[in-house]
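Take this structure first; my questions come after.
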C-alpha cells in the first residue's frame, strides 16, 4: 500500500500550521530547531520590513551596547562640530590652546549636556550656543528614554525558557506504541495553563506532484494547570493516527517533521510565553523509553528534578513490528 | 427572485458587527479601507471625548516632536518670566547688560533646570528664586517622564503589520466557486494563534425600507497556529452561503461590503494585535486565482515569500455562470 | 401567585455574581451606580488591606500631585536637617549669615541633589556631607522613578470609557416585550471583542427568610466583534425569563437590581477593559423605545453618532398588560 | 473494600496537575502551603537556571535595596580607582592633600557623575579622564534605568492578594456532605472572571507500587463574574466524587492533598493574577460549617465583610457516618 493510500485511510488533514500545501514551491524544513520559521522574505523594501523595535529587542547584548555607544559618540561628534561652528568662544571655561583640543573640550561638554550631568566648568554663553545646548539636553532626555526603555524591555521581555528532549521516541504504551517527547522549564518554574500543539508535516506525492500534508496529533494530555516539573507529551498510534502503519522509510522519504508549539502563562511576566521546536524524521528513535527525571530529596521531603536526564532513554522493544 | 428572497432562503443573519440594521440612518461604507470605522461623534464635549493618551500615541512623529518642543519652549518662557518678575539679581552669574539679554539668560537657566542639566554658571540665590527652581526641576522630572513615557509607548505599541490583497477574488474551488482574499505579515513574522472573522454586509430593501443585513462567513480555515507565510482565506459559496445565487448586480446594488477582522498574538510585543479592513463590491474580481507567493531558495533549503505578488492573480473561468 | 412561586416556575438560579444568598446579612444595593461594589471591609489591618499602588493609581490628580510635592518637601527638610547637623561649613559656596538662612541654603542644595540638577554653586566638601549627598542623589533617582512611574501608570492605565443609558426600558419587541438598555463608548472607539453579562438580582422571602436570587439574563446579542457605535442590549421576556409575569410591584418589593458587566479589548491600550453598572427597579421604564442615536452625515458618506440621545426614548404602549 | 477499589469505582483520573504518577520518585507534599511547588532542580548550571529578572522581582525589599546600594558603591570604587590611575591632577577642583583624601574626592566625583548630579566643583580636565567621565555617565543612565525599572516592576507587579480559610471542611449540604473551603480578596477588590480549579492528589498502592492519583473536583460554582466578597467553594460528595466512601484513615494513609488554583482578572493591574495553595489531610475538618463573614452596616446601606471570621466555623453533625 502506498504512503498516500495509508494516509488517506486516516483522518483528513487538519492544517492549522499556516503553511500551504504546494510542496514544490517550498524548500527545506518548516521550522528550524530553535523554533524560528525557515523562511525568507523579498519584494518588500528594507524600511518597510525592518522593525527597529524587534531588532533592538532581539540582537545580542554586545551588539545592543555597541549600537548605543556608537550613537552616543556620533551625537556628541555632531554637536561638538556644531558648537565649533558657532564658535568655541561661546563656550565659557574652555582651556584648549589648539582647535583640536577645543574640539575635544566641546565634545565632552556635549557629552555632559546629553547625559544631563552638566558639571558646568564649561558652559554655554551666547544665544546660539545656549539654544544648541538646550536642544541637546532635550534630545538627550528623549533618546536616553528610548535607549533605557529598550534596555529594560530586553531585560523584562516575556520569554519561554524551555528545553526539549533531543529526540522523539517511539515507545511502548498501554500494549501499543506511542510517540513521545518531553520538555522541561529550566528558569521560571511558575508557568500555568500550559498547552502543547503537535503537528505532523509530510511531503507526499499526489497525482505526480509533491504536496504538503499536515496532521494535528491528538495528545493524551495536551493542557496542564501547572508546568513545574518535566512534561512528557504522548501521542498514541492507533488506527486514526497518521503514523499508523507507516514505516521508517515512509517517514524519511516524506521528510516527516514533527512541529511543536507550546503556550503557557508565566507568572513572572504576568503574560503568556510561547515556544516552538521541530523534530525531523532523523531525530525519531524507534524503541526508546525516557528515563525518570526526578527522585525524592535525601530527606524525602521534596522532589528533585534532574535536567541532565532530559534526553536520556532506555532502549526497549516495540510491540509493533513495522519499525524493525 | 428578488435579492431579499434569495437572502432569506439562506441562513439567518448573525450580526456581531456592532452595527445596527437601520440602513436609512447610516451613510457610506461601514469600515474605511485602513480599517477605521467610518463614523463621526457629536453631542459630547471635546474634553470628554478627547483622549490625550490615544492622540499622543497615534499622531504622526513630526507632530509629536513639535508638540514636545513647543511645550519645552513654553514652560521655559513661563519660568523665564517668573524669574524676571522675582528679579534678575536673584540669579547669580548673569552677564546680560540689557533686560532682554537677561531674559534670555533666565530662559536658558530655566532650560538647564527643567532638563536637570544644571551647569551652574547661572544659579538661583534668593529664597523665592530658589523655590521656583526647585519646583521647576520637579516639574521637569515629572513632565519629561510623561513625554519619554509616551515616546517609548509609541515606539513599543503593539501594532499589526499586515498587508491585504487589493481584491477579493471569486475563484474556482473544489468543483464550485469560493470567495478568496489573502494577507501577509510583513514586519513581525512571529505571530501565533491568528484568527480571521469575515462578515458580509449588505443593504437590502425590506417592506419599503433599506435595512442592513450582516452575514458571518464560514471560512475553510479561520484559525492558524502560526502566521509566518501568506494566508489565503477561503469562503466556499454553497447553498448556505449568503453569496449563493447572487449576481454581480445584486452585490453592487446592495452596497455589499466584506468586513475583515484579524487577531493574532505577536511574540515581539507579547500581546495581541488586531487588524481590520474591508472590501467593497467594486473590489470583487470574478474569475481570478491568486498567484503562488513563495518559492524555494536557490539552495532549496528555505522558502522565500515574495510580497510583491500579494495582489497578483491569473484570470480564470468560473464554473458558475451567474457572474458572467 | 406569589413572587417566589413565579420565580420558581422559571429556570433555576445561575449565580455567578460572587454574592451570597443570605439576604438578611447584606445591606443596600449590590453595586453602586458607578460600578463599584457596595461593600466595606473590616477585621484586617490597614497596612494589609491598603494598596499603595492601587491608591496612587486611583486618587484624584490634585491629591496625587500634592502627595508628591509634600514628599519632595519632606525629604528636603530631612536632608537639610542632616546637612546642618554635620555642619554647614561642609557645604562649600554657602553665603547665608544666619543659621536659618544657611538652613534654607542647605534645603535648596538638597532639592538640587534630589532632582539631580546639581548647579554646584553650593557643593559638598567633607566626607560625611559628600556621603549624604551621594546617598541623597541615589534616593532621588529611585524615588523619582516611582513617582514618574506611577504618574505614567495613571496616564496610561487601561480604562473603559463607556456611558450607559439612564434607564432600562421595557419595550415592545417582535410581538412581545423585551428589557433594553444601551451604552456607548465615548472616548476610545477602537474596542473589539466586546461582551456584556447581565444579571437580575432579587431579594425574595423563602420560608420566612429573605434570600438573594440571581438570574443570568440571556441577551439577543451578547458579544460583538467591534464596539464603535452605540450598542443596545436586549433581553426578551419569554416564559423562561425571570421577568415573566412579574409586576412592577414584584420588582420594587424585591429590590430588583439589574447588574451589568462589560468587557472589551481596547486597541489603544492593547488590553482588556471592564466596566460595570447597575439599574435599580426605580430606574425601569415601562413602555419606552430608545430613539435612534445615529444619522448620516450631510454628504451621506459617514455615519454620525449623537451621544446626547443616549438616554432619550419615546413613550410607547406595551403589548403585555401586567405593567399597566 | 480497599482504597484502590473504592477509587477505581469512581470516575477515572483527570490529571492536569503537571505532576507524574511515579509516586516512589517524589518526596513530600506537592505544593507548599504558600502555593510554591515543593521541588528542587539539579543538573543545570546556575547561570542557566538563575533568572536575574525573576530574582530581583521577588527578593525581599531590604535585600533589593542592599544590592542596589552595593552596586552603586562598587561602581564608584572602581571608577575612583580608574580616575586615580589616570592621575588625580586631571580632576580639576580637588583639594585633598593626601592620596587617600584624593581617592575619596574621586569617589564622590564618580558618584556625582554616575547619578548625573554633576555639581562641577570637581570636574574632569584631561582627555582620558573626560572619556572616563563620559562613559561613566552613560553607564549611570543605563544602569539606573535597570534599577529603577526593576523597582517599579516590583511595585507594579500583578499579584493576587487572597487569603484562604485555614481548613477544608466536610459540611452538611443539601441532605448530603460536601467539601468546602473559602477565600477572600483582601487588598484589591476589583477582581473579575475569577475561576478556581481544585484537584485531589492521593498516593495509593497499586500492584505493590505507590502511585500518584489525581482527581479534578467538580465544584458547585467554579467561575464567578466578580470576586469582591468572600467566596465559598463547594464540592459535593456524590457517587462520582473521589471522596465517596473514603474514611479519614483512607485520606491520611494516602497522603491526600487538596490542590487549589485560582485565576482572576485584576482591574488594578489590567492583568490576570494567579494564586495557589494546598490542604493536607491533617487540615480537613469533619463536621464543620463556616460562619457567615458579612453583615449589614449600621445604616443598612452597605454590606460589611469581616475578614477575621475567614477560618471560623461551627461544629456540626455530618449526615454521613463514615467520618465518625
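Miscellaneous remarks
Residue numbering begins at 1 within each chain, and the chains themselves are lettered A, B, C and D in the order written.
Just so we're on the same page, a contact is a pair of C-beta atoms (placed from the backbone, for glycine too) under 8 Å apart; a residue touches a chain by one contact, two chains touch by 3 or more.
Keep in mind that what you see is a predicted model, and the values were worked out from it rather than measured.
When the contact pairs of C-D are set against those of A-D, B-D or A-C, over half line up by residue number only for A-D. For the pair subunit A and subunit B, the fraction of shared interface numbers is less than half, so the two copies use mostly different residues to meet. The rotation relating subunit A to subunit D, fitted on Cα atoms, comes to 90°, given as a multiple of 5.
Two chain pairs, B-C and A-C, are weighed by contacting C-beta pairs, with B-C ahead.
Subunit C has its Cα centroid 27 Å from the Cα centroid of subunit B.
If you average the CA atoms of subunit A and of subunit C, the two centres end up 38 Å from each other. Residue positions 112, 116-120, 149, 271 of subunit B each touch two or more of the other chains. On the subunit C side of its complex with subunit A, the touching residues are 116, 118-120. Interface of subunit C with subunit B (complex): residues 68-69, 72, 76, 95, 104, 108, 111-112, 115-121, 144, 147-149, 151-152, 155-156, 161, 186-190, 192-194, 221, 223-232, 265, 267-268, 270-271, 292, 294-297, 299-309.
Those residues of subunit B that touch subunit C in the complex are listed here as 15-20, 22, 25-28, 36-44, 48-51, 53-54, 57, 92-93, 112-113, 116-120, 123-125, 127, 130-131, 133-134, 137-138, 140-142, 145-146, 149, 153, 157-158, 197, 199, 261, 263, 269, 271-274, 276.
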